[in-house]
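Chain IDs A, B, C, D and E follow the sequence of writing; residue 1 opens each chain.
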Amino acid sequence: MLDLALGLMLFVSALLSLHSKDTMKSGVFFIIFGFLSGLIWVRLEAPDVALVEIILGSAITGLLIFKLVKGSKQKDLKAFTFTRLWAGFISFLILIFMLFHLTTIERQDRIASLVFENLHKSGVDSAVNAVLLNFRGYDTLLEVGVITLAIFGLLSLGLKREAYYWDNPLLKGFSRLLLPFIVFFSLYITYLGTFSVGGAFQGGALLAGGLVIFALAGQALPLKASIIYIFMMAGLGVFSLIGLLYALLGYGFLTYPLELSTISIMIIELSIWISTAFLLYTAYRGKL
Amino acid sequence: MMDLVYGLLLFLLVLNLLLGLVRVFRGPELVDSMMASLLLGTGGTALLLAFFKITKEAYYINLALGFALLAGVVGVAFAIIILGKSKDGI
Amino acid sequence: MAFEILSIAFMFIGAIFLLAGSIGLIRLKDTYSRLHALTKADVLGFGFIVLSCILSTDLLSHWIKLLLVWLLAISYSALVGYALANRKKRYA
Amino acid sequence: MIWFYYILAILLVIISLYHFIVARNYVKRLIALNILGSGVFLFFITTAKNTNTESPDPVPHALVLTGIVVAVSATAIAVSLILHLNKEEE
Amino acid sequence: MISFDLGYLIVLPLLASIFSLISPIRVYIALAFSLLSFLLSVYSFLYTLRDNTPLYQWIGGWTPPLGIGLRLDGLSGFFLLMIGIVSLFVALYSISFFNVEYKRQGRFFWFFFFFLWAGLNAFFLSEDLFNLYVALEVLSLTAVILVALPGYKKAIKASLNYLFLSILASMFYLLGIAMLYANYGVLSMSLLSQKLSDTQEFIYALFPITIALAIKSALLPFHFWLPPAHSSTVAPASALLSSLVIKPPAYLMLRLWMEVLPKDKSLEYLSIVLSIMGALAIFIGSYYAIRQKTIKRLLAYSTVAQMGYLFLMAPIYYHGGMLKEAVFQAFALQVFSHALAKASMFLSSGNAIYVAKRDELSYMPGFAHSHPFTFFALFFSGATLIGLPLSAGFVAKFLFLELSIKLGFFLHGGIMLLGSLLASLYVYPIWKECFSSHPTKFYDKPIPQLMEISAFLLGFLAFSSGMITGFLLEGIARR
């Protein structure tokens, strides 16, 4: 019942977000869509994904979309009938294909049991983070690469983005009060990643949220640009250096020996935490 | 017995979300929509806490904390970005 | 057992308060009064739900986190309400 | 319940694909792509639940985490490019 | 003695990208790391030449299905060599290029350049489908940023369209992987090929994957993003995009068809559809290329046409299971010759634009007199594109022709030859303009030597590697 209600609400919010004429309204609906999909991940026993979805997929993307909506004044023109027809046709084709595919899916074990068997050799107690940072750590290296690349890409465009802020003492005080707490809590979430629900991306994105509030109150971080630069690089740099180090030592690329795995993963998580935070913060601001 | 009670509870919370969604849809102005989506944020946090109550899994609290933090950030950002005027500067 | 019943009762009270807030959101006529309904519901309803959760665990770390959730929720609700109303009034 | 989620995922993919092709507005297209991504992730996560083991398969969860981060990166670039384009057009 | 590790091929460019961004002596770092990565690529090609077994490396010591595997065999080793050669020469060119033009972009260019290199190496080495997705995403995001690099409106618009389509393609690809994972529960290609035999469910997953790969490699109905994207950016970036970035999806398709997917009737139909699309791409791409008035757009449309060959031969991938080595050789040599030739042509077009400040064809007369190196670069690379005898393009087309005759696809061979003819029709105007009128005083402006030499060497290599194909083909055929 609960799943049904949440799922329908998710669908309706997606539909409204896509359908509404006003782009601002579709932005608002998109944020609701993000919230609801977070709840749905929880229902599907994927709390890690839920945390990321709520923080990154909904909140940070939502902030970006707010900025986008405010900055763009493009009208939504009506599509040609021909376009509609073939869009409908393609979508319908994929619908048919996927519905047929559904009939072939069986309940099976896949890799799950293998992961749980090897969990004790990974240096982490949380299955998702074991997959993310040890079993498939190479994917995560490239993923950190992707996010670093994206943010430096938008910095390289060298555009002047408008900054939105509200010069209000209440907001200023609140954001100052909140920041140390958020730093602490995001570190805690990062630390939780080693044995429970949490992780570096989640923690970093939370910190980015705190930094955004700080910036919304019209304050600049008391950090030099070069330091922010280095923070943004930290994740990719540390991760690839550690990978290189183990390759040079003869263990093999990104192959942690068992006794060093926990400490390596901790270092990597910390570096990803700080760089994710500053990368997303920069993504929001659009400049250093 | 407990199942029924919890079911009723979850029903109330989901109804709450549903009403919020209705207001988001109807909201004559954008501000109303955003307010209602904040209600969804609170409602979602409440739902997570209810899950915590039912299952006693500790991670729900962290989720709720994250949810509460970010819902607020989105609300404030909405007020400042969409409703405010823009200036060059910070 | 008594705690359990109390906790469930609190949860219900909280849920009903939240629901009242949403009904207010639906029924009330203009933005400011809706804002009023929303913020009231947040503080009270949410407080009761947090209280119920606090009653049902006995870990200190959970208590601290739950209290933080509540504090965050009310401070944000106040802040967002203030920000929305203020901005709307200024730039309407 | 698994099948409900599978169908939900498919529906999300379909409607967002349709709107992606139809929309002329960059903002709408970006939102459609994000929703399309969510549909795909939902498919993955539902597959994770569809096992015989007690807790769901963690591998798709990790993959989806990667996917979400990648999607946010792409969104950040897109937002930046669209804003730049608007500046140029003024 | 440090043992060889495939991880170096990925980590070194990544580290190079970081260093080149934060250090003030970025050109020297770029040069050093380019050389280092180039040597690594050459080493890995020689490694496959020496050993007759593919090198598998399980990252983290976790064997699939749990972990991710890297695989170095003849085909991927050869492509690594190709990436190394093209990237090295583009690096040499860009050192000079960003010294004289686009100074602001030069600050960031190296970061994306090395990222692209890392992504390409990661793509050709990986044998895990999800890892391929992430590598593909690295590639396409880098490509998008490289398109937007000049910062003017045309470039931004092109890159935005490219970005949207490539996100859509990535999502489709991810959907396909999700469907495969739901059915078979593995992501590694070698395990998947075992599990796939005698099943049919993969057909449904193949549909979104094929669409995704077609979008990413600009196959016909989805080709419209390519010409604006590849023609509106700076010359080194165009060279990288057109020669390297669109090849990986086609390579993945080859791998899937030759090594993973089992024989199935519906695959045969799909191969026919793909080959029709490929043939149409050859004709339409060539047609538009002939009609273009600006050199960069001409080259971009010619890329559409040349990518068509790779899809035209889809039935051969399906039927050529017996002749796997020969198919790999033909495919790899076609990709190789096109990559080198197209990179050289784009670099030369950069030279031409540097002198003439315009990119219309009619604005570049007399290059054969004033800038012989640029002319010879254009000449050799054009000859390779057409497939004139002795060039690598000729050998590739010859191999394809031989295969199509052996397997009885005469029509495909004929279409390919026709494509060659069309190619000569669009390459010819470039050559003609180089000789046409007397060079004016204006065109005497010297081009920096490094820019001329690197473009020339690439073109020369593309042409002359036709003469050492024995050595290259042996490398490709190694398992």
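Keep this in mind: a residue touches a chain if its C-beta (ideal position, glycine included) is under 8 Å from a C-beta of that chain, and two chains touch if they have at least 3 such contacts.
Values in this document were obtained by computation on a predicted structure and should not be read as measured data.
Q: Hopping along touching chains only, can you work out the least number of steps from chain B to chain C?
A: 1
Q: Considering only chains that satisfy the touch condition with chain B, which of them also satisfy it with chain D?
A: Both-contact set = A.
Q: How short can a chain-to-chain path be from chain C to chain D, counted in steps between touching chains?
A: Steps on the shortest route: 2.
Q: Using mean Cα positions as chain centres, tell me which chain lies farthest from chain A.
A: E
Q: Could you see whether D-E or A-D has the larger number of C-beta contact pairs?
A: A-D
Q: Mind checking the centre-to-centre distance between chain A and chain D? Centres are C-alpha means, answer in whole Å.
A: The computed centroid separation for chain A versus chain D comes out at 12 Å.
Q: How many angstrom between the C-alpha centroids of chain B and chain A?
A: 19
Q: What's the distance between the Cα centroids of chain A and chain E, rounded to whole Å?
A: Going by mean C-alpha positions, chain A sits 31 Å from chain E.
Q: Let me have the rounded angstrom distance from the C-alpha centre of chain A over to the C-alpha centre of chain C, please.
A: Taking the average C-alpha coordinate of chain A and of chain C, the gap between them is 27 Å.
Q: Could you say which residues in chain B touch two or more other chains, in rising order?
A: 34, 58, 62, 65, 69, 71, 76, 78-80, 84
Q: Mind pulling the residue numbers of chain C that touch at least two other chains?
A: 68, 75, 79, 83, 86-87
Q: So which bits of chain D are touching at least two other chains?
A: 13, 26, 30, 47, 50, 63, 66, 70-71, 73-74, 77, 81-82, 84
Q: Mind giving me all the chain pairs that touch?
A: Touching chain pairs, listed by label, are A-B, A-C, A-D, A-E, B-C, D-E.
Q: Considering the complex alone, what residue numbers of chain D touch chain E?
A: 13, 20, 26, 29-30, 33, 36-37, 40, 43-44, 47, 50, 60, 63, 66-67, 70-71, 73-74, 77-78, 81-82, 84-85, 88-89
Q: Across the complex, what residues on chain E touch chain A?
A: On the chain E side, the touching residues are 2-3, 5-8, 10-12, 14-15, 18, 21-22, 57, 59-62, 65-68, 104-105, 107-108, 111-112, 115, 118-119, 122, 130-131, 134-135, 137-138, 141-142, 144-145, 148-149, 151, 179, 181-183, 185-186, 201, 204-205, 207-208.
Q: Note which residues of chain A are touching chain E in the complex, please.
A: Those residues of chain A that touch chain E are 94, 97-98, 100-101, 104-106, 108-111, 114-115, 118, 134-139, 141-143, 145-146, 149-150, 152-153, 155-159, 229-230, 233, 236-237, 240-241, 243-244, 247-248, 250, 252-256.
Q: If we count contacts the way the header does, which residues on chain C are in touch with chain A in the complex?
A: 68, 75, 79, 82-83, 86-87
Q: Once bound in the complex, which stretches of chain B touch chain C?
A: 5, 8-9, 12-13, 15-16, 19-20, 22-23, 29, 31-32, 34-36, 38-39, 42-43, 45-46, 49-50, 52-53, 56, 58, 61-62, 64-65, 68-69, 71-72, 75-76, 78-80, 83-85
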